[in-house]
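The data blocks that follow each hold one structure.
What follows is subunit A paired twice: with subunit B in the first complex and subunit C in the second.
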Partner chain A sequence: MQASRARLFKEYKEVQREKSADPDIQLICDDSNIFKWTALVKGPSETPYEGGVFQLAFSIPEQYPLLPPQVRFLTKIFHPNVHFKTGEICLDILKNAWSPAWTLQSVCRAIIALMAHPEPDSPLNCDSGNLLRSGDIKGYQSMARMYTRLAAVPKKG
Partner chain B sequence: MDAMASSDSEEYYDTDDDDMSQLDDGSDDGEDYDSSQEADDEACPKPEEREKEYDFETEADVRQRQEEDTAKISELLSVPRGFAAVLLRHCRWDAERLENEWFCDERRVREAVGLTAESGAPTALSDRPLACAICFDLYGPGETISAGCSHYYCRECWAGYVGAAVGDGARCLLLRCPDPGCAAPVARELVEQVAGDEVRARYERFVVRSYVEEGRSKCIRWCPGPGCTLAVQSRPGFRLYEVACACKHAFCFRCGDEAHRPASCETVREWAAKNLSDRETSNWVLVNTKHCPECRRAIEKNQGCNHMTCGDPCRHEFCWICLGPWKDHSGGYYNCNRYPQDRADESSEEKTRREQAKASLERYLHYYQRWSAHGASLKKARQELDGLEKGGLDRLAEEIGGGEVVNSTELEFLKEAYAQIITARRVLRWTYAYVYYLDPEHDRLRCFCEYLQGEAEASVERLHRCAEQERSELEAFVSTAEAAAEKLEEYREKLCSLILVSRNHFTNLVEGFESGMPEVS
Partner chain C sequence: MSTKRVLCKFFMHGACLKGEYCEFSHDWKDQANNVCTFYQKGACSYGSRCRYDHVKVSRNPKVLPPPQSSSTSRPASTSLQLLGSGHPPHMGNQIDSSNQRHQISVDVLAHSSSKPAWRNDLRHENVLEDGIDWSSNRSLQNQTSLKPADIPICSFAAAGNCPYGDGCPQMHGDLCTTCGKMCLHPYRPDEREEHTKLCEKNHKRLESLKRSQEIECSVCLDRVLSKPTAAERKFGLLSECDHPFCIACIRNWRSNSPASGMDVNSALRACPICRRLSYYVIPSVLWYFSKEEKDEIIESYKSKLKSIDCKYFDFGTGSCPFGTSCFYRHAYRDGRLEEVVLRHLDADDGSVVIAKNIRLSDFLSRMHL
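Let's turn to the complex of A and B:
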């Protein structure tokens, strides 16, 4: 069996086994394709993303884990390091700082950490980056909170 | 390896040439130039061997030296070889700097490369059963391996990890343990244990290249010539300008660009940028276009008629000559041909600007055309020399007197002629960039430079003509063997004396230009 497949299979089993280990992350493998995953991550508390649930799409290359998975937000999010239209994420471990010791689970944790600690100096969403860089924390937070409410908070009823 | 410099390699460094008065009897005075050809023609005798300013080293030589440096450091700092190499690379292969930093603050140096005080060996095997943290498979004791830290992976995953990094390029020299929180360096010992032959060879090449490319204190450079793998090491005490590699590529030791004496590296950079820049294009626009007097758009006249109609949406009609509205030119009003006593044709400001731009463009073009023409001749001469080396001399020997008169080794002087033509054209070429950047106000200096340039140019044209035209006459000369031999001897004497003249001219030219000619400044 292909190394990437074997490793993903092991990650899958690990996820099944430790379902409750991290309540903020829910990883789901595509029924028919082990190279496609989705994840639901909870917006970290004390951030404008609190209360939201964000959906991530994973597309995993055949050379995984030597190459990083491609991850993007499916849920709209207002964040300096996430492209507002495509959901592309600017995160070093998904690019040149990738290590095969990362797992899909730990990538999700890194993305949650990024949500809590944006890097406005390398923005994919310039509007959001500019708000933070100019010190308008309130402006950034209310924009981010609005989009969280609009797009990421589950509708009741 | 101590490769011999080829014949054209050292003439730039000759500084002991005698004065110009001897130039014309170029037959027996051998002290004026170098030749490493095994001299077999009396007209171009072997000169004294000059002290060489640089040595050539092959990749293997460089590797050996690097190994020696690494071994010394390994012993001195009591660290394994692989770590010694990591430490040396961190200090740009400067052993002295590493020693200083190490004995000043060992901990800091260790931290910089990811070594801890506990780092003992560059690899370690696990003594218990473990799951590889990459593929998650279970392995028995001794089957997983670490970079000396506590993160163990199986050999296959290591091979993949190292292979991917080596495939990525020189970053493999900075490779760390795959664990995101661990900085332990992946040293050579580990690479050797886990990687296949191909990856290992590639890794080794990066290590050697790093020694030359990152080593700042070494005065060593790879020859940038296409396909050449030699490194050039300058000897202590010499300030190297130009190197003629054994592969025939002549390059500047300082900037790595094609050889460019007497122009400085800065001049060359500026000149190259100028040749590329669109500033010259905008100059052209300025010279060759006028502006529509209504909408100020730049217009190039591409037809003969002077009745201009500006493009949409302006549609203004005007006269190209006087820029006045065309309606004034019809009927009885036509007065464009009359010299205006009281009316400026166009604003004098614009006119001055255009004239200045034109003068500046013309000046640039003057130098650029000559610079590029010498470049083209240089290329042709290089092809010719290649041809002579690849059997051209043999063919020529066949043709002259049916192969009875000379053998090809006796025609080696032709190769020398071309080598000199190549050198001379290259120098001349760069004198044009040099003169272009001279202070335009400083007429005396420029005139003197142009005088030297002109003399040198005349001498290389004579030499080039003799080597090219007169040789073809020689080839066409069919007669008795005796007559052919005599004719050949005559030709050889003439060509060799021209080589000498040219060598002297160019040595003086380069020295004069490089000194900045204080006597006229």
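Let's turn to the complex of A and C:
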């Protein structure tokens, strides 16, 4: 408990210090609870998610960093490895391949990488996975871009 | 001589436990025996600074010294008396008259017949400003009976700073380039070598400690050597890679239960950074900066464990799951080490596995008889 708090505080300071280091990731700690964070990540370029800003919710266990943080998308996203309803993410580093050397920042980076390189063979969103597996890249991209426009692109004006 | 007439040293300080049974006198009128025993043997390293009297005690108390000796009974006091400054301070608690000293049959030898030690005490004019007379020490050095290797070097210079500098009458050691102190004895080669070795080792350790201060643990993100308790200020070295962690952090991570969903081999036993598999962690106060340093740390750790008896092996009565790979000592009660014959079993697919000890008792216990 104490160790996780100290470690999260370190990460918080690091985030404050290097706010502009990674313009694609913005990590915000909950004002009253250091175990709750939200992140805003930009959809990577040359993907159907480009132009979108996706909100992630972090729930950090007390045994952190020995256990991985629980992360889910708050913004709707059409992606084979993200549950369409709950926003749950299927990513090995958040499950069995977690390492205590990972930070919240690096988890965000891994999620951005996952957006750019979907894994259709372990899908949480079967529709999306099936489109990719059947080779209908154009179909997948259209659906993903549509949901990005609908849910993730900030309204103008 | 009768000890009853000599004032008890303990009584003088109000601390004699023997009371009336004391073989020494408890009468203030009697004279204390304040004779330096080292001076009797020929060499007192305190010289004229000694709080005890540097006078020679005659073996035959009946022989009275020649009368003229009384005036030079205590060279230090004599010269001071000549200066008209009274008696030296450390003579305060005894009777000053040299004549009375004869009553406790102290034979004062004034003439320079036998040993030069007390002869040289007469050169009292080079008392330094703080009253310390180093000349007697020099006189010790001048004695032909002492070999140069037996002469101690100036302890102030050896500690780093001698207030007398070049004017110090004591021999200064040679400069040790590592610690910057004049602590190398010019005539003791063994001691020199030992010091140089130790000093270099200490210096290296200190340097490495200084550099280790900066190293951060990748799990708690703290500097390992800045942790609050001493037990936490230790590195955990992984055998197969060079990434630094606190011993507590890496051990906590590795002992994480597989029930948490993490793979034992690909996550828990792997380095959190490079994921290379390491089978053991080596605790160390210092971080290493070369492969040799790392090997040294690992070797000393293993040899330390090798001297501890394995609690699983338990002098042959138990069985150790680590077998021949165990770091602890596998020895029987009579000190005989375990001899291991590995049993190789050929598997169907052509590979070879090393079989564990096969015990009849294990087989029987499985049968639930």
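Keep in mind that, in the parts below, the second predicted complex is superposed on the first by the 156 of 157 C-alpha atoms of A that agree within 3 Å, B and C clash if a C-alpha of one lies under 4 Å from a C-alpha of the other, contacts with A are read in each partner's own complex, and residues count from 1 in each chain.
We adopt the following convention: a residue touches a chain if its C-beta (ideal position, glycine included) is under 8 Å from a C-beta of that chain, and two chains touch if they have at least 3 such contacts.
Small disclaimer: the values here were computed from a predicted structure and weren't measured.
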Worksheet item: For A:65, is the partner it touches subunit B (first), subunit C (second), both, or none of the two (neither)?
Response: both
Worksheet item: With the two structures laid over each other on chain A, which partner does A:95 touch: subunit B (first), subunit C (second), both, or neither?
Response: second
Practice prompt. Considering only the touch criterion stated at the top, classify A:10 as touching first (subunit B), second (subunit C), both, or neither.
Written response: both
Practice prompt. For subunit A, give the residues common to its interface with subunit B and its interface with subunit C.
Written response: 3, 6-7, 10-11, 14, 65-67, 97, 99-102
Worksheet, complete the sentence: So, in the complex, the side of subunit A touching subunit B is made of residues 3, 6-7, 10-11, 14, 63, 65-67, 93, 97, 99-102
Discussion item. Can you tell me which positions in subunit B touch subunit A when the two form their complex?
Written reply: 133-137, 151, 156-157, 160-161, 164, 178-180
Worksheet item: Of all residues in subunit A, which touch subunit C in the complex?
Response: 3, 6-7, 10-11, 14, 65-67, 95-102
Discussion item. For a test of understanding, state which residues of subunit C touch subunit A in their complex under the given definition.
Written reply: 218-222, 243, 249, 252-253, 256, 260-263, 266-267, 270, 272-273, 275
